[in-house]
Amino acid sequence: MEPVQLLGPDGTLRADPRWPLEVTPELCRDFFRRMSLARRFDDEALALQRQGELGLWLQSLGQEAAQVGSITALRADDHVFPSYREHAAALCRGITSAELLVQWRGNAHSGWDPAEYRFHIYTLVLAAQLPHATGYAMGVQRDGADEIVTVYFGDGSTSQGEANESFNWAAAAEVPLLFFCQNNHWAISTPTQTQMRAPLHQRALGFGLDAHLVDGNDVLAVHAVTSAVAEQIRAGGGPALIEAVTYRMAGHSTSDDPGRYRNSSELDDWSTRDPIARLEALMVDRGYIDDAFRDEVAGECAALAEETRRVCRELPIADIAGLFTSVLAEETPLLAEERRQYEALVASYVD
Amino acid sequence: MPVLTLSHAINTGLRQAMEDDPKVVVMGQDVGRLGGVFRVTDGLQKDFGADRVIDTPLAEASIVGTAIGLALRGYRPVCEIQFDGFVYPAFSQIVAQLAKLRARSGGRLAVPVVVRIPVGGGIGAVEHHSESNEAYFAHTAGLRVVCCSGPQDAHWMVRQALAGDDPVIFYEPKRRYWSKAEVSDEPDLPLDRARVVRPGRDVTLLTYGGMVATCLQAAEAATEDGRDIEVVDLRTLSPLDMDTIARSVDKTGRCVVAHEAPTFAGLGAEVGAAVTERCFYRLEAPVLRVGGFNTPYPPAKFEDRYLPDLDRVLDAVDRSFAW
Amino acid sequence: MEPVQLLGPDGTLRADPRWPLEVTPELCRDFFRRMSLARRFDDEALALQRQGELGLWLQSLGQEAAQVGSITALRADDHVFPSYREHAAALCRGITSAELLVQWRGNAHSGWDPAEYRFHIYTLVLAAQLPHATGYAMGVQRDGADEIVTVYFGDGSTSQGEANESFNWAAAAEVPLLFFCQNNHWAISTPTQTQMRAPLHQRALGFGLDAHLVDGNDVLAVHAVTSAVAEQIRAGGGPALIEAVTYRMAGHSTSDDPGRYRNSSELDDWSTRDPIARLEALMVDRGYIDDAFRDEVAGECAALAEETRRVCRELPIADIAGLFTSVLAEETPLLAEERRQYEALVASYVD
Amino acid sequence: MPVLTLSHAINTGLRQAMEDDPKVVVMGQDVGRLGGVFRVTDGLQKDFGADRVIDTPLAEASIVGTAIGLALRGYRPVCEIQFDGFVYPAFSQIVAQLAKLRARSGGRLAVPVVVRIPVGGGIGAVEHHSESNEAYFAHTAGLRVVCCSGPQDAHWMVRQALAGDDPVIFYEPKRRYWSKAEVSDEPDLPLDRARVVRPGRDVTLLTYGGMVATCLQAAEAATEDGRDIEVVDLRTLSPLDMDTIARSVDKTGRCVVAHEAPTFAGLGAEVGAAVTERCFYRLEAPVLRVGGFNTPYPPAKFEDRYLPDLDRVLDAVDRSFAW
């Protein structure tokens, strides 16, 4: 199966009758803006980690098209279960930079209210969110709602039993669920060919899921395919999987040293398929972009960067009491006693 | 007050919970058409439909994982794990997701999922069908772990578990599924309290689940030696009801804890350590533990010797007095 | 995909050029004998359970062709990982009725030495044996041996994460492993359509495994396909999966009551596809079978039944000390102490 | 005697084991090209090849499950679980298969698999990367559970684990990976023995792994109050070396056990209960437990307060004396 591609690396547009998309100036500018903001935010977070303001950061660099193109194809009330690298998707849902950073600064385990954004907290245990999304979709199904559920995950996660149980379960139960895999070719140092012999979209078909392969660095293709598939699911067509082929341009995380396991030529090669440059080329060609717009977006990026730096140093941190009170609905006697003992000990220092 | 078997008492408890709250759904392997291998969910699918009593694919990790998703959507799932030895594939979903989601979300998310597990031995089963794994979940912060011992508690505890907002590991002693007793129209204890099932003066015998009946028999037998044993059914294994436990030990000065699980790092260790901290000066002897041997659960022909019986319980009581 | 069938339910033989098999009288008689013995053994074990001599029994009734046809296509040194219903396969490997019954009488957890028969002990945790077989095959691969490994499992087990992890891992590592699924349509009360949306052989292809569907009640087809696939794997062709379509003619186990969840018409329907009757029809038609041979096999069956009844009541049971000494290589002080305490207590009774 | 970091000491231990026995294979996520996220297997694939140092697919259940299969074939696999919080998907393979196969086969099968787990907190990590789950495995009959605290033990214990015929859960305290010390040319203790790392008269402080250094600091600090603390590094968590432990408590009469894991049903409970049984009349105070709070492991900014530090350890010592 060839990946669906509407926008070539050089920025030339090839319409595909199977995946209709009205490529308006507004749409292109919207994608350009969202991807630019996401990249700038990612840059800034990286810098903050390097300055010691964040404990860890996992970059979305290079995966902006896969995330922006897909999440914008969903309805605002379609619940989303991300993995941990979906910063671009999160920003599209209105999650703030402060909410995105707090977990990585170590102030909290998660930063936002899933109900407010219809966007679940990040899941770090690989593939654990797939059964959650499947169950949530079972709920949607039982409610007779016309929402769909989307779950994001990476290529490496697909080797986990829980991922495959979910492919099977979702197909058997015919729940309104979209599996969205960002195949960025790497799981830390492990290349996709070590994870699997056959491509994921082929496996998905084997489970009885509708499956599609798309160029994950082509925001237009990702959007067109996700829009069509989402509506098909909403219409009762059953669960589907989209494999978006992209590339992890940075290390796995700020703790990683990709130089140990992959050579730069691969990186150079993928640089030529950059999702933003590609869209910009089209926009230049079509006259959808001018200096005024560039300045406008640059201004927004600068503002976001400034805000990101500012909020990072002021990120809220809860009182330690919260540790004891958020274990169960009610603090147990044992926890209350532990808290009192600890507070007494701390108090004793001052004397 | 109807007389029910423990199995049927849970069945009526689930039925009532489903009638009271349309968000309660039952799910698991063979819980629908068949009514579960122990018939605990018998008839529920017929009356509530296949959307609320769900025969699932054969995948424990996903049974718990999808239950979490359903709970996030506002449902109150009660999952059946067919046998104790088959909960392990769901371990990651239980300890890393179910138990932690409230804390991980800074208290924003509640995940009211009840995981029902037929537990323990005594039914002559093959391997993996007689395990007592409560210590794993008791050591996991974020879960409530409870174990019923008779019909009254079975009925009310499952309803209380489903009414609360915490994830609950709900143990059902399978060798007592067919034991009968009256079930009252009102709960007589909250979910987080232990119960003194036999008052006594001389020694406190702490136990739960399938061992409660055994310990009551031991207590009766001990009267012949003029010993008055107080038997406490822990009911809630995490958190423990230390007030009720300590009150008893402060009274008797001696304590034996008995369970089916291996003693090493078992729940009895926690009880023993905690009781010693609370009642140190009052203890005439160390808290003694009686449990399954520290081996994998044996073949059926050995289980009568593996499981603590009246003799082994009384032997521990004797050793406590001999100390 | 249509299941490969060489022998129709009515006993007519249709050769299939893709699956060559020399149908000799000897081959037919061998299969007839093995399947008849397996069925008689199964009958006898059932009776023993009903008489209270066994705690539990899981019948292989109806699945004789799938097991006999496949195991006889393997080499004696090809290691096998069974599930728990592979009595017919076990008998073909020379495992005795005593060794097969001891576990179900409750005297031991397993009955035979896996090394002696190249047949692992039964695994009751569904799908847990698939990673074991995959790892064993990694060992064979590293040893450069020309053995292959075969793992048996049921339709229901394929919903487990560990089963799917193994399909993926085996394909990625290209180990010499044959996945043999007996799809007997039921997992206790759960029908296959509740487990999965697409057939397993299709899923296997999706993982990059070579996959085949065969009529599991046709011993000739099972044997022909398994022989060819086994040699292909041995030749370095990589792992493969065979889905054998059969039917669980009895309840799940002696504790089960299938009347609660399936109607007898299904059973009647499958009775017409009985693997033994089918082969016998062919043998009659070809003159491969006469009264002398029937009497001979009947005699062997009677002898096996007699032996089964006899050994069951005399099955060996280890001393309880074995409980403590088979936990670790050496008995730990704690276990030794527990054993002494227990022995002392027991001794005290006699006084 | 070379001075090595704990991480490198394990690396040289694995290297030596692989040279001594061609059946030893290393497997796990990113253990090959990358050399593991903590570099414990650095360089091994280069020197022993990709067949013996295996970069596996991302599936813990199968990492342990295939290791079992390799062991059944005669290999001696050592699996790396990347972080403590990710061992749970392998839980069923570990407790129902790895731990039980010897017993399930009536002693016929040995499954010498070593499961290496970087354990515990103190490195400012995100959730699931700082767990202390030793109690789960200690409660599982059929496993040896050990934990190293420094380079000398790290090097020799991993070699001893690989030389034995039992499955071993091998814990490596990740916050000590970069601590340095000499590694001798000979092992100075067998795998199943605890070590008195600091002799003392007044109170016994039992601990292991990352807490050993903390407890030694506490012992030094306590000398100012004229208290002479004996620090014992348990090393083997299952089985426990009760002789060494009891000998110490019989001498001091007081006992505190400290670990990172939550105390409820934690390993400290077993130690406390067992010590109380062995040394009841000698104890001047109950065995006191210091551990992580009974909550899920907190965000990084809280871990200095969550993990028992010098103050909390000494506070427990004070309470023991004040009893």
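Letters are used for the chains, namely A, B, C and D, taken in the order the chains are written, and counting of residues starts over at 1 for each.
Operating definition for what follows: contacts are C-beta pairs under 8 Å (C-beta built on N, C-alpha and C of every residue); 3 or more make two chains touch, one makes a residue touch a chain.
Each chain and its UniProt protein: A, C = 2-oxoisovalerate dehydrogenase subunit alpha.
Being a predicted model, the structure only gives us computed values, none of them experimental.
More C-beta pairs touch across one of C-D and A-D than the other; that pair is C-D. Most remote from subunit D, judged by the distance between CA-atom centroids, is C. Taking each chain's centre as the average of its CA atoms, subunit C and subunit D sit 41 Å apart.
Centres computed as Cα averages put subunit A at a distance of 45 Å from subunit C. Each chain gets a centre from the mean of its Cα atoms; for subunit B and subunit C, those two points are 36 Å apart.
Multi-chain contact residues of subunit B, defined as those touching 2 or more other chains: 56-57, 59, 61-62, 85, 88-89, 92, 96, 103-104, 127-128, 141-142, 264, 294-296.
Among all residues of subunit C, those that touch two or more other chains are 108-109, 125, 159-162, 165, 168-169, 172, 194-196, 323, 326-327, 334. Within the complex formed with subunit B, the residues of subunit D that make contact are 61, 85, 88-89, 91-92, 95-96, 99-100, 103-104, 127-128, 135-136, 138-139, 141-142, 238, 261-262, 264-270, 272-274, 276-277, 280, 285-289, 294-296, 323. Every residue of subunit A that touches subunit C in the complex is listed here, in rising order: 158-162, 164-165, 168-169, 171-172, 174, 193-198, 202-208.
By the touch criterion stated above, subunit B contacts subunit A in their complex at residues 25, 51, 56-57, 59, 61-62, 64-75, 77, 89, 92-93, 96-97, 102-110, 141-142, 144, 164-166, 192, 239-240, 242-243. Note for the complex: subunit D touches subunit A at residues 29-30, 32-35, 37, 55-59, 61-62, 85-86, 88-89, 124-128, 264, 293-296, 298-302, 305-306, 311-312, 315.
If you check the complex, the residues on subunit C that touch subunit D are 108-110, 113-115, 120-121, 125, 128, 130-140, 142-143, 161-162, 165-166, 168-169, 172, 318, 322-323, 325-329, 332-334.
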